[in-house]
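What follows is subunit A paired twice: with subunit B in the first complex and subunit C in the second.
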Partner chain A sequence: MERVKRIPVTRIEGHGLITIKLGADGEVEEARFHVTEVRGFEHFCRGRTVWEMPGITARVCGICPVSHLLCSAKAGDAILAAKVPEAAHKLRRLMNLGQIIQSHALSFFHLSGADLFLGWDEDPRIRNVFGLMERYPELARDGIALRAFGQRVIELLGGRRIHPAWAVPGGVEYPLDEERREEIKEGLPGARRIIERTISLFEENLPRWREEIETFGDFPSLFMSLVAEDGTWEHYAGTIRFVDAEGKVIADRLDPARYFEFIAEAVEPWSFLKFPYYREYGYPEGIYRVGPLARLNTCERMGTPLADEVLSRFRSLSGGKAATSSFLYHYARLIEILGCIERIERLIDDPDLLSPRVRADAGVNELEGVGVHEAPRGTLFHHYRVDEDGMIQWANLIISTGHNNMAMNRTVQQIAARYLRGGDLSEGLLNRLEGGIRAYDPCLSCSVHAAGRMPLVVKLIGPDGTVIRERSLR
Partner chain B sequence: MITLKLDGREVRAKKGQTILEVATENGIRIPTLCYLEGLSPKGTCRVCMVEIANRNGKLVPACVTPVEEGLEVITRSERLTRLRRTIVEMLFLERNHICAFCVSNGHCELQDLAVELGMDHVTFPYRYPGLAMDLSHDDFGLDHNRCVVCGRCVRACSEVEGAFTWGFTGRGIDTAVATDLGIPWGLSETCTSCGKCVQACPTGALFERGMATAAQVKSPEIIREVTERRPRVF
Partner chain C sequence: MSSKVRVATMWFSGCSGCHMSFLDLDERLIEFAELAELVYSPIVDPKEIPDGIDVALIEGTVNTTEQLAQLREIREKARIVVAFGDCAITGNVPSMRNPRPRDEVLRTVYGGGEIPGLEDGAVPALLPRALPLQAYVRVDHYIPGCPPDADRIWKFIVTLIKEGKPRLEGEEIRFG
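Right after this comes the complex of A and B.
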């Protein structure tokens, strides 16, 4: 008899597998989310120059190349140990804001929009971005326009939308000019209108998703992100803060360059993706989440008026504690888009953006450097060691999706336990498993720095270890 | 004067001119790689191969073959494109040419040749040799992965700068450029740090330190300018 079930999950970046193991009573005994890719960036970067690293590591991902580019440039800054011009920091910030907008828009509208607005039980032939276009053409158009705005910010700064090689150790290659600045400015009002009406739409629908909020990864965990000096939401600089499920700060002002003192990584034989945990709490008790949800839980305020208003409504959902449901990643993403647009509005008239002094020229002054910033999916670390000539001897990349590995596993377990009945892999269960993973907007190719694009597969395994069913979703 | 045919057209040339020179004068482009105006031609890369129709289609490198009375030269044919494309393909798979993050991406003669000749994939397996970089020089870097061993740096160094820092080491497929009998570039006592080798290099193999992806734009024409302006002593 066929005893295991596989279900591939689509509309995520990369390739993974879910297995659900049944106990003798037919109930879920164990559910796991496996990442089954390997790439080896950390290995083949060795022997390359630190100046090339932004260009090389940007190729880790086509969705968030900017995140790797900026993080790598920051690790390079630490190795040059020269003062990066303020204008370069501001320009990089501007690009990262554009990146967060475009990546979040992709996740919300293109990847998850169909699940959210067409429903989990809709025919998969319709439950996709094309179905969304047909049923809710305005929503789909908004999503495309908003993402295009974020990408245009990136393109106007770095010369191309995907894989710009513009940030370099010591700064950026060239500044912004008046004409390109005006174009960004012109796009702002439209982008703001889109996100405001999308937030209204999401909030109107929130009551419909009560069950999803309760089952799509609602469990206590720690949350980690960068926050600014005064506790405001931060995406480019700042220090690391951990809060617990009660919303209490348990560690603050941690130097991100010393991440190895507070983060450790466990390895499981069934996944190529490591399992980072908060060192002090041990494995697996030190489970923490990163990304939009975490950033909204760790920060004290967004720091911009409209986003702060929505943040207070978001917080009222969890009664002052941390928001613990991963379903709320979607909500958090929308609030972050709004905050990013407001921040661009504030930054765009800064005269520094047109300054010609955007790069500090220096040789190798430190043999080790860590770059940290907030990628759309969470905190990203690039850590390099170089020789006297600036050639990479060793590299460690801790990718945003990786931090959420334990949380994604727990989410799969929670959804399987709630919806799997009698060993039947119904469409509804499969769709929700997918949706649960998709809430994290995971980038598996990034997280293992992996190659190729394959769907997520779900396997149902009987008590004796045989595969009962195996499915991939379209 | 000599009369010969280029692609069926009768042209006149001076004795001692090469086929490449005459073709260029007559507005006919022959692709080249190891050839650089201002340096002595060597004919090593074979990309400028042309056919001699009245010698049974014999293949000769245009950059070093002098014109002769009555030659019927074909510079463009399916056969030539195929051969040139295969040569460029061999260069690509011999070492590790990763355009995506190369300093010379978008400004590379090898890349331009691949585009011109339609070499959009390889038909033989890549060799992936494990080659090192030399970043010991204060101003410049060398990446053997991107070197096509055209020898333009070697000739620029000896013929134009007169420093004789660059030379070759190894034989056959293991041939590589080297500074001062193989010591790190930064330790070289003969190098004047003039940078002519970097400007002469057609790929990202020689580059200015600190260059990021696609940032290295070169001016190989300075080699010709320097040699033209120099008074002839002999």
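Right after this comes the complex of A and C.
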């Protein structure tokens, strides 16, 4: 009988490997999610200037380049220690809102849409965005249009959709102008209509996904994100909050620049990706999740009317406690898209967006700086030390997806334990394993900034350690 | 070409920005699906590289032993191999690690401690250097850009399919 399965995963942003080890009784003993490459950003950034870092680190990831761009610029702000003009903060916020929209739309429609709407047992040749176009052309068009809107916001601000060289330490290169602002405004009503219909569609389908909600990573854990001063949902500034599975705040107003006081990282010999945990609770008890699900669990409100209405429906699912199923990341993503659109509506007429004062010009005033913000997938940290000339001496990047490493492993374990019977790797099981990982929308491109790529392969390992069967999911 | 062109896309060591730029074709993705079938790609499900690929677009540098094996396999199976984006063409950002020895890179990343990920060969080995595609195989065409923008990708695909030869010129062949 086969004992080890290797399953590579596709339709995630990157490559990953799952291994499942069977015990002597043929039941799942252990299931793991591996990351399999190193790129070495922390190393080769040494000797580059702090001004180059936004452009270099954006290349960590083409899915959320804006996250690295902004986070790196913010670490640079801390090193310049100059007052960044308010207009620059608002412009950066606007770009980040556009990015959350595009990235969440990509995850929901282009990558997970086929799982959600075509089903787990559909022909693998059509279980993808092109299959979705054929079967549900309207839904697919909506996804394309919504992602395009988010990408267009980025392009109108920074001159290009991917890797705009626009945010810099001290601010941004240039503001918006009337014409470009009008274009963003024109796109808003359409984007709003799309997300409203998609949320209705998702909610209508929720009863159908009961089993997925129970098995795709439903377990207690902590949740971490930035929240605003008054506890409102936040994506660009604010302080760190942790809540537990009951929804209780266990740590609040933590200074993100001192992340190393509350986050520690474990290393396992079988993955390049490190395992961060909440320091006080130790490893592995300190397991926490980040990203859309976490942000909705930590915040008190979205802070915009429509998103708050949907948030209260989302909360009623878990009876006031934290939502603990990772399947609900999908729902959380839609709510965040709605919130981001409402925030753009609110921000877009601000006269500051056209202000010419968008950059503080300064030299190196501090030798160390931390940038933090909420990337689409969760809290992102860039931490640099520089010399007097602003040359990077040391860099540490803590990537959003990395925080979810333990949770993704536990999810794989839960799904394998539920669906793997008699050591048989059925299509349905493989598809669910992939789907479980996809719910996190892991950005393996980011995760391997240090290490490398992450093909998702499932390996079935016998009690004696031999590989019985191996399947690549990519 | 009457029947659909069989296209594969692959992602080695890159940031996936080139793939994202492909998705920036937006509505043109629907037209793409009329001209071509994506038979293998990070955005579709098939797990094995199929035979009889017409065009393979490859993003990223060759960074691990596994990627090198895959590159050789796809070169065998694809009629036309395209280096898709600057990383695949020049090495770009991922090759910035090359001046230093590989183990030093790993040690920095893991804070000087133990280097993980090597248990039972679950993780493919890093090659000594991250190199572009043509260091290992014949490359038929190049689409420069970091990433190439969607218009450039579209023109490449359409001219390749309709005229049998891609026609990129002027600004369209600029790096960066």
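In this section, the second predicted complex is superposed on the first by the 463 of 474 C-alpha atoms of A that agree within 3 Å, B and C clash if a C-alpha of one lies under 4 Å from a C-alpha of the other, contacts with A are read in each partner's own complex, and residues count from 1 in each chain.
Here is the rule we use: a residue touches a chain if its C-beta (ideal position, glycine included) is under 8 Å from a C-beta of that chain, and two chains touch if they have at least 3 such contacts.
None of the values given here were measured: they were computed from a predicted structure.
Q: Give one word, clash or fit, describing how subunit B and subunit C relate on subunit A after superposing.
A: The answer is fit.
Q: So in the superposed three-chain picture, is A:D361 touching just subunit B, just subunit C, both, or none of them (first/second/both/neither)?
A: A:D361 contacts subunit B only, not subunit C.
Q: Looking at the overlay, what does A:T19 touch: subunit B (first), subunit C (second), both, or neither?
A: Only subunit C is touched by A:T19; subunit B is not.
Q: Touch check for A:I348: first (subunit B), second (subunit C), both, or neither?
A: Neither partner.
Q: Looking at the overlay, what does A:E173 touch: subunit B (first), subunit C (second), both, or neither?
A: First partner only.
Q: Considering only touches as defined above, state whether A:W51 meets subunit B (first), subunit C (second), both or neither.
A: Touch status of A:W51: first partner only.
Q: Go through the superposed model and pick first if A:A148 touches only subunit B, second if only subunit C, both, or neither.
A: In the superposition, A:A148 contacts subunit C only.
Q: Answer with first, second, both or neither: which of subunit B and subunit C does A:G40 touch in the superposed model?
A: After superposing on A, A:G40 lies in contact with subunit C but is clear of subunit B.
Q: Which of the two partners, first being subunit B and second being subunit C, lies in contact with A:F130: first, second, both, or neither?
A: second
Q: After superposing on the shared chain, does subunit C or subunit B touch more subunit A residues?
A: Of subunit B and subunit C, the partner in contact with more residues of subunit A is C.
Q: Looking at A:M391, would you say it contacts subunit B, subunit C, both, or neither? Reply first, second, both or neither.
A: In the superposition, A:M391 contacts subunit B only.
Q: If you've got the overlay open, could you tell me the nearest Cα approach between subunit B and subunit C in whole angstrom?
A: 5 Å.
Q: Which subunit A residues contact subunit B in one complex and subunit C in the other?
A: 56, 58-59, 163
Q: State the interface residues of subunit A toward subunit C in the complex, per the touch definition above.
A: 8, 10-15, 17, 19, 34-40, 42-44, 46, 56, 58-63, 65, 106, 110-111, 124-125, 127-130, 133-134, 141, 144-145, 147-148, 151, 160-163, 267-272, 274, 445, 450-453, 455, 459, 465, 471-474
Q: If we count contacts the way the header does, which residues on subunit C are in touch with subunit A in the complex?
A: Its residues touching subunit A are 11-21, 23-24, 26-27, 29-30, 33, 38, 41-48, 63-64, 66-67, 92-94, 96-97, 100, 104-106, 108-110, 113-114, 116-120, 122-124, 126, 130, 146-147, 149-150.
Q: Residues of subunit A touching subunit B in their complex?
A: Residues in contact with subunit B: 47-49, 51-52, 54-56, 58-59, 163, 165, 168, 170, 173, 361, 363, 389-391.
Q: In their complex, what parts of subunit B are in touch with subunit A?
A: 100-101, 103, 132-133, 135-136, 138, 141, 186, 209-215
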